[in-house]
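Across the two complexes that follow, chain A remains constant while its partner is chain B and subsequently chain C.
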Partner chain A sequence: MNKTEKALREIQAMGELAAMDSPIHRLAPLAKLLVTVAYIFVTVSFSKYDMTGLLIMILYPVAGYQLSLIPVYTCFYKLRIVLPLVCAVGIFNPFFDRGIVMTLGTVSISGGVISMLTLLMKGVFCLMASFLLVATTSIEEICHALRQLHVPKILTSLLLLTWRYVSLLLEQVSIMTQSYHLRAPGQKGIHVSAWGSFLGQLILRSMDRAAALYESMELRGFHGDFYYAGQKKMTAASWLYMVVWIGLFILMRAYNLPQILGSLFV
Partner chain B sequence: MDMICFEDVTFAYEKENMVLDHLSFSIKEGEQVGLIGANGAGKSTLMKAMLGLISYEGHIYVDGQEVKPQNYAAVRKTLGYVLQDSDNQMFMPTVFEDMIFGPVNYGMSREEAEERVEETLARMGLLHLKNRHNYKLSGGEKRMAAIATILAMEPKGMLMDEPSTALDPRNRRRLIEVLNELPVTKLIATHDLDLVLETCDRVLLLDDGKIAADGAAGEILRDKELLERHNLELPFCLAGVRVKLRSDT
Partner chain C sequence: MHMADALLAPAVAATMYVASGSAAGVSIVNLRKEEATLKEDLKVKLPAMAVMSALVFAGQMVNYTIPGTGSSGHLCGGMMLTGVLGPYAGFLSMIVILAIQCLFFADGGLMALGANVWNMAFYGCFVGYFLIYRPIMQGKLFSAKGGSASVTKSAMRMRIVLASVLGCVLTLQLGALSVVLETSLSGITELPFGGFLVLMQPIHLAIGLIEGLITAAVLVFVYEARPQLLRDVDTAGAVEGKCSLKTTFVILALVVAVIGGGVSLLASGNPDGLEWSLFGNAEEGYSENMGLDEEAYGISSNLADSAASIQEKMAFLPDYAFSKDAENPMGTTVSGLVGSGIVAAFAILTCFIGGYFRKRKLAS
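For the complex of A and B:
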């Protein structure tokens, strides 16, 4: 299996994750979408030195992965390419922000270190939450939920089609590299002399297939609405899930729960 | 009443190279028509024209409505189209979701649609594929599933582009049975002339964008000279083919 094919399989496997069954999978997409958005919003809004307050936000992704029966490992594995980037965002903070904000025994910790860690946590938490949504909700369901929120058709269609076309493009690359290697044994990669035609063919072919697929959707009555993905209604459980989590997020943001809990025991 | 009517339809992908050359013919409601012709004769193109997927000159009417942008939705609901390439036909993650897509989009309730999908799968003997992922199907399974997605829409007319390619003998037989049980108007483009003999009353022979012959299936498909003139051969069952086995020499 070549690299592109692997990437393709991984994207397709996302669909399989979303097709699994669990209490979270059964919830209405709209509820999950809103909870995710609220989560990201609240997480990002923590101040850059509020590491202890932020810590408690991990509750949501951890609970989510437990309930949806998806191992957290999958998330980190699939996001292994973007994770380092997210982690690197605050990497220079310790150099710029040297003011000491905290001492642990004899070690003094600068504001830069704290803010770096906070940023890192924010990034990782938000990634975990977004992945949870995508892994428990199919792309069609997400688009349907967005439509319920009156997001314009053009945007939801764009989202859906981008998702489809990415896998289509990867599939084309994978097919073409395979056929190339079958007739060019022993070559590593694709020879420079073939790059031009390879790329040109790739673009033409993917465009052709993309058009054909879109036509095929139109032929079966697609006009930018996702009726077919709307079978999961806002049940009592969905409402409860949404209200409880969003309520908790607000509590976690308003009060520094770890500190309060800590002070109970001092 | 005419289900499909072509009036002087002309089309070319690239100028000079006429693919549909002043075509005129009509197909009555309930007729079963085989569309035959050598590779590149224009069969697939003719089907695309009927659905408004290419812009041609002339007029095409489907179920009394002219094929033009404001009627596309109605025309496409009337005619189900099985594409020559099943990979382009299926776009949802699983067979079931793909099959439910059309009916639900055309306003059927989820429950009804699910029932219809089950029924169609049973009729095609495909129940075991229901929850399979599309990209994990074999070539022939994909073909059967693609045909099922269109059958599930229960269109008034069906356009099928090479429905029997990639099918094993048993699935091909099943397809023929399903087609014969289905009373709707059908236009079947294929190189499988035996299938035409078993499913169609009438045959249109296309060559170089023109209708070279139009008549009863039994007559045209028996006319060896006519077929050979248009780069085709007699159907196996009529040719009395005596295959010379390599191992016998």
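For the complex of A and C:
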């Protein structure tokens, strides 16, 4: 299976997840978008040594995945893209930051190790939160929420339209790659002699398609605006969801709750 | 080069959002102006922009074999979109591609989107177009001696190849530099600034060269087949020249490889020069003001200052990035660890209870 086919499957899987029904799916997209942004903002704002304080932030994705009935492991597949880069940046911390910040029994732990772990946790948490958003919200809903936030119409329309065409062109590229490889067995990629023509042909055809697409849109009464009919409104539940979570995030950031909790027992 | 959320401090991420947002605003205004002057309706352009961005998105997944090596390269999206759609429409299309990559493929974070747009789309579309693509395409480079008005096809080809390669190399270098700056300003990595730079720049020089050549190949093909699709290409009176496509490629690849190789050697062999130029004083040693002190970088512009002041007012948790938290001990006591254990146990328990109820719901 080549990269394009994998991407197509991912798109399909995301669509299926977003089409499910759960209390989280039923919330207004704007509330979910704002909560996600607030979550990521608060999560990355933790200091690099505040590992214990950061840990409590896991409660939002955990609660979200349970309420939306989405299995947590579905998002871990996506970590393959996020983690290498985060690791590449964080891996140097233990070597450069050797000051001992704590000792567990006889094992001393340096600041670099803590900051590396904190960085990894931030990476995983942020990914879980943004995956939760797209797994419970369709692209139409996200675009609607963006419009409510006064993001220019041209950007949201472009996003919607591009999203429609991404799967089509992925399919096209997938077929082209497959037929190319069938004719060039044992070859890893596109040979230098076909560098230009391979994608160039597709560009020519795509531009023709864009013209046809415009005509058909015009025939169906398109006047530069998409309509978002039947969108979920900001219900009382959505307001409550937003206010409670954002309030909790501020609380989690302002106080080191795990430490306070621990001091009750120690 | 897609940055994850964890690699940026909120202040840096917000500043980059402001910068990229302004660039997007300027693009929209200019697109509307183009619409008025060219009598070209924006809604006609919309499908073309959408199809092209979808194509670049899919096209970036194609592996191109690099002759003589076992590895493969990819297409450079920014330059390609700019060549076909122009800088403003190209920039908006790149924003959409990056948004889709971040939302649905976890390639780059939601909060890091502003920075990613800046690093990949801004340089590719604006710097690449206004500093490289347009001057080369509209200039007199490679044109016949004697100032004849008609441009040979081979001259146009040479220009396209040169513009694509130089554009990709420059934009990727600037992008890589921005990644290093943003990460260092965020205080995320302990890797010294100079070391990080030496790690990033040469590798992106190589990537830029290959991406540039692939992009050039595609754009030259489009030029051969339908020149009116490309921006700033003189289609009137083009006559066939002496130089074949293959020769053009070989000559330019050699020239760029020699120049690029030289720059790369300079960059990796003399990192102190780079540090010196960025920090102003090499003798002070970068380790002292490394990573956490914005002032020490000497990067100040009116835009950055005003963006930072807006950010300061807006941020509700001003405990980020440049604070001197390096000196603070972790502050973790036994109670912190115990509390963390309780939180972790609670999270795991929630998962189990949720799983139990889901199974029961499925069974019923």
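Operating definition for what follows: the second predicted complex is superposed on the first by the 199 of 266 C-alpha atoms of A that agree within 3 Å, B and C clash if a C-alpha of one lies under 4 Å from a C-alpha of the other, contacts with A are read in each partner's own complex, and residues count from 1 in each chain.
The working rule: a contact is a pair of C-beta atoms (placed from the backbone, for glycine too) under 8 Å apart; a residue touches a chain by one contact, two chains touch by 3 or more.
This one's a predicted model, so the numbers in the text were calculated from it and none came from an experiment.
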Of chain C and chain B, partner touching more chain A residues: C
Partner chain(s) touched by A:Gly247 [first = chain B, second = chain C, both, neither]: neither
Chain B versus chain C as contact partner of A:Ser47, first or second or both or neither: second
Partner chain(s) touched by A:Thr177 [first = chain B, second = chain C, both, neither]: second
Chain B versus chain C as contact partner of A:Ile190, first or second or both or neither: second
Partner chain(s) touched by A:Arg209 [first = chain B, second = chain C, both, neither]: both
Touching partner for A:Met217 - first (chain B), second (chain C), both, neither: both
Which superposed partner A:Gln231 touches (first chain B, second chain C, both, neither): first
Which superposed partner A:Lys122 touches (first chain B, second chain C, both, neither): second
Residues of chain A that lie at the interface with chain B and also at the interface with chain C: 164, 209, 213, 217, 222-223
Contact footprint of chain A on chain B as seen in their complex: 51, 53, 72-73, 76-77, 81, 83, 85, 87-89, 91-94, 97, 100-102, 104-106, 110, 133, 135, 149, 153
Interfacial residue positions of chain C with respect to chain A in the complex: 2-10, 13, 24-25, 28, 31, 42-44, 46-55, 57-59, 61-67, 70, 72, 75, 84, 92-93, 95-97, 99-100, 102-107, 109-111, 183, 187-192, 213-214, 217-222, 225-226, 229, 316-317, 319-320, 323, 325-326, 328-344, 346-347, 350-351, 353-354, 358
Contact footprint of chain B on chain A as seen in their complex: 12, 15-16, 18-19, 138, 140, 164, 209, 212-213, 215-223, 225, 227-228, 231
Touching residues on chain A, where the partner in the complex is chain C: 2-4, 7, 10-11, 14, 36-37, 40-45, 47-52, 55-56, 58-59, 62-63, 65-66, 69, 72, 75, 78-79, 81-82, 85-86, 89-90, 92-93, 95-97, 101-102, 111-112, 114-115, 119-120, 122-123, 126-127, 130-131, 133-134, 139, 142, 152, 154-155, 157-159, 161-166, 168-170, 172-173, 177, 187-192, 195-204, 206-207, 209-211, 213-214, 217, 222-224, 250, 253-254, 256-263, 265-266
